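Two complexes follow with chain A in common, the first pairing it with chain B and the second with chain C.
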Partner chain A sequence: MKNSFSQSMAWLHTWAGLIVGWLLFVIFVGGTIACFDAELDRWMRPGTAAQAPARPAVERVIDALQKEQGDAHAWYVYLPTQRFPALKGGAYHDDGRYEVHAYDAATGARLQDTAGGEFFFTLHYNLHAGTIGMYLVGLAGMMMLVAIVTGVVVHKRIFKDLFLFRFRAGGQRAWLDGHNLTGVLGLPFHLMIAYTGVAIFVASYMPAGLRTGYGGDAEKFYQEVAPSPHRQEMHRPPPSRAPLWPMIEDARRRLRADPWLVSVEHPADASTIVGVGLDHSRHVAWNWRTAYYDGVTGASLGESPPPGAAYHTYNFLGGLHMVQFGGMAFRWLYFALGLSGCAMLACGMQVWVEKRAKQVAAAGALSGYGLVRALNVGVVAGLPFAAVSMLWANRWLPADVAGRGDWEIRTFCIAWPLAAIWAIARLRRGKPWRDLFAATSMLMIGLPFVSMFVAERGALPRTLADGDWRMAMVDSTLLALGIGFAWLARRAASAAARKESETASAASEPA
Partner chain B sequence: MNAWLFAAGLTLFGWAALSHAMPRHHQEAFGRAPDGMRRRAHRIAGWLALIASFAVCTAAMGREFGPVMWAALLCIGAMVWVLCRNADPRRARWLGWLAPLPGLVLLAI
Partner chain C sequence: MPAIPLDAKPVQRKRRGVSPWVAVTRTLAALSAGYWVAWGSTAFLTWALPMSRANRVTTASLLCFAVWTAAAMYAFAARSSWRAWWVLLLIGAALYAPALMFAAEAMRP
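== the complex of A and B ==
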């Protein structure tokens, strides 16, 4: 009985892990990069001032929104922070469209557009595929929870082998140890991140409570959980607009912290309401406390009440996932743990191939085994290549090209399939792992040097001289990752060579 | 920042001691099998270091951020230790023993 139980758990772990493994890898890479989304947003706009004035030019942003996005459902103005010392202005439209641009904090001049770190954040939670993507990611997260629990069950020597990593053993042994090492020692993180990640969209994934308790009326549910003043539209334009800065100053006093997010609800209607809220840096839990004002008169409409116990729990889980709290140290730790998660997934999928090495060698390219190998190299080696290609596009695209951010995304979307198709074509005779890793490494190491010529104001010599450590950190992280990928390429090459000498067949796979 | 470094060092020390409490890893690190006393001493030292690192985190960062920091440091400390121990078990001993020192020195001055 016990034997059949652990066998069925092993089966579940193998297949639950394999089916969503590639998707999870994309989600993990996106999430790991998104730890530094604001830093990347700034890095991709070289020359953004490192310091914002105490009195940023919010009116200029409102003017721009008024001119370009007058018919929006809501405007959002993001005040400068230490992480992103510029203004952002976004417009949310009734059809779900959200357009956001960055503005210089002192002058209000519009900064260069970029897909930015935001691109990886969106990739992380909905694959840029809207509601369907969100459900796919949720499904992958739930499968990850299944893989975690079954993984613990099937790992019989979990404590005995806690510190074991037979790295030089090669072949399946090293991959399995690598999978176990990052999986077991990172287990608290993986469990937390998968659970809280799924929990963030719990109202969408598990709508039964909303259906029975609120008759499916989501609006009613959200009003009860987090009440905010709501006014019927008056269907006439506002006679005037109250200045924002006094409201921001007043909110600073009321909420006893620096405001971050200013929202203007139906700005084209006389019923317009302004909300001024804080950022999420002071507590693990998200802080949605907001002070409300009449958008026409500027009169205070009170503050949002503190969250109830259930909503606070939800905010805590979401906050724990998104690591907006506690500063750079926490972001670095999450980044490192995210990388370990990527390694865990990559090793795990490689174990699947190594375990079936004989069948893989016997099977043709057009087989299930061929498909798994193709997806492995296409996703695991292809995605980092596409991500760094996108950063190259950011540096090379002309400053005045229209839709700059879209062109960055296009580069990503072209580089990835190209790399994957090329790698798959080379899979049977060639060393695609080595080649892709080496190319990624060269692009990563080359980028800080390219920046010196094409984006001098955002390049390493300038940022170091100015003591702008956050921007210097992005370049040095690229260099460090580039060295890491060079090492991976070398290892992939020697493994492929060893395998070639072992078998007469031309199968090549890194070990 | 210094407390952070100290807590990180303590997790390395703790994981090192806990791994040395296991005969297989003791053999690799010291070249001989441990007796019961040594195993117990390593195990107690390891647990104490991990608990101390929790205390340092919560004392420095409060009850809200401290435990989160500690949990993250535990995971990363364990991975770093396994990688170092795997690379060179004998020299890695010194890393384990000396890891808490930089943070401690910075805290003291």
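== the complex of A and C ==
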């Protein structure tokens, strides 16, 4: 068979893409939003001070953790940064539970709880489905890798097509060109993000190396690549707790940079160890350099050595994925390329439908084709609607409601299926794409205005007046996205109208 | 006169695509047999690379996804589904075997 390799690759591209396209879309949207997770975390706590004092109230956070999370396996205190100028205190429990709250940097008063940007980050890496979700995401990432490589193989005129967008051609042509343009333009990024994405959890996805090299003893491996002091538990409570701030100041001198992450291991045991580490903003590679202290006496226990070559490569790949380096410019670049990835996926799945337009029309709604169309509109148009609904919930929920973050997530979980069901019901007659895009657009554009009334301290007029650009940026991004969705709604409406008239004229023509 | 009349209708193509069973077996081959090859290559490199153990394991693990991708592509490019399966299973086994045979050597520090 002539050209059969290219054909088999086209086939693989089509099916690998179709099977995981929707899942990948969810992962991409989550990841794109998570580029600004810290900014969103703050936006969802309107009124958080824009500047943290030089001496944040870490003791208050430790007091709160002592009172509420005394039996935790480890505590984590996140010091204020420019992106998130408040304190965070988290507790990690033996059963894998992780509970985190934010505290005012100056007073140590607990801030309003929210699902925050963290929600989208978790959606991105495990779909809020724990270990199973992590494996699903890994599988989707693998198939994305395959789809990218085969996509390049099937694409013979890869450079020429970059300049080709038959936008007005409509139908399959426009979708295919959209898919190609975003796919080729973002190709290096997509390849990098897929590979580094699956590489982050390589120890879970591919334990063959640990099995062969360490007999499956992961603990031993991590002690070799990233050693940290470990002490036997003494099974008695610590007689006292050394103050944190002197350790943080000492770590600042030792590591020659501003500390970010303070961990307290086994806080309920006399063997407790405090680690003070940096954030990952200075280098591409994750920086795990940490200074350790005895939690009872405050005496220094030394520093972690720099990682070996291979593990440094791993840290580099992980850092490249998580874009904590390069500041706002790189965050925006990743955000834009992430959006283009979302567009690539949405266009690609639409190509599948348009290519089979005849079969789709013949098969009707209750068929495999109907299912694909339903999933397309339910996921691609439903997810942005659910995401912005969640932000609305953040603004509308009463300030003192218990489990505020959970209610935000609940809103997301209700809004999405509702939008999807409604769109599917309108699939046969109606314009579900236009409807959902228009609704999303209105919610996005409306949100900055709603904030003016219900969260005045975090609203655009105030943040602009204060020169708080990061928060103003969130609102203006919402406005820009809202305009984008309005444009999509208009296009969806005219495309649906064209299709209707085509079918009508085809039906009226004599056979 | 052109060989093909200009107004000729395009030749009616045969049914597009392939039977769902072929698609399922190939996809399964790409995923599971492909994973087996990646597993084998990770174990093999953990044994064979001339580095310290931590570096061997990390390097071998990080490369596994490229191997898996190549194997998945082969699963679809192979002449028959049967062939896709046995070739991949064989490669995986051939890679894994020395790592198992010289297990102690693979765990050298």
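Note that the second predicted complex is superposed on the first by the 502 of 511 C-alpha atoms of A that agree within 3 Å, B and C clash if a C-alpha of one lies under 4 Å from a C-alpha of the other, contacts with A are read in each partner's own complex, and residues count from 1 in each chain.
Note that a contact is a pair of C-beta atoms (placed from the backbone, for glycine too) under 8 Å apart; a residue touches a chain by one contact, two chains touch by 3 or more.
Source: prediction; values computed, not measured.
Once the two complexes are overlaid through chain A, chain B and chain C fit side by side, free of any clash as defined at the top of the document. In the superposition on chain A, the chain among chain B and chain C reaching more residues of chain A is C. The angle formed at chain A by the C-alpha centres of chain B and chain C is 80 degrees to the nearest 10. By the document's definition of touching, of the two partners only chain C reaches A:215; chain B does not.
Of the two partner chains placed by the overlay, neither chain B nor chain C lies in contact with A:129.
In the superposition on chain A, A:299 makes contact with neither chain B nor chain C.
After overlaying the two complexes on the shared chain, residue contacts for A:311 are found with chain C alone; chain B is out of touch. Looking at the shared chain after the overlay, A:365 reaches neither chain B nor chain C. Of the two partner chains placed by the overlay, only chain C lies in contact with A:195; chain B stays clear of it. By the touch criterion stated above, A:326 is placed in contact with chain B alone, chain C being left untouched. With chain A used as the common frame, the shortest Cα distance separating chain B from chain C works out to 20 Å.
Shared interface residues of chain A (contacting chain B in one complex, chain C in the other): none. Of all residues in chain A, only 4-5, 8-9, 11-12, 15-16, 19, 139, 142, 145-146, 149-150, 153, 195, 198-199, 202-203, 206, 208-215, 221, 224-225, 308-311, 313-314, 317 touch chain C in the complex they form. Taken together, the chain B residues at the contact with chain A in this complex read 1, 4, 15, 19, 22, 25, 61, 64-65, 68-69, 71-76, 78-79, 81-83, 85-86. If you check the complex, the residues on chain A that touch chain B are 160, 162-167, 181-182, 185-189, 192, 283-284, 320, 325-326, 329-330, 333-334, 336-337, 340.
On the chain C side of its complex with chain A, the touching residues are 17-18, 23, 26-27, 30-31, 38-40, 42-43, 45-47, 51-62, 64-66, 68-69, 72-73, 76-77, 99, 103, 106-107.
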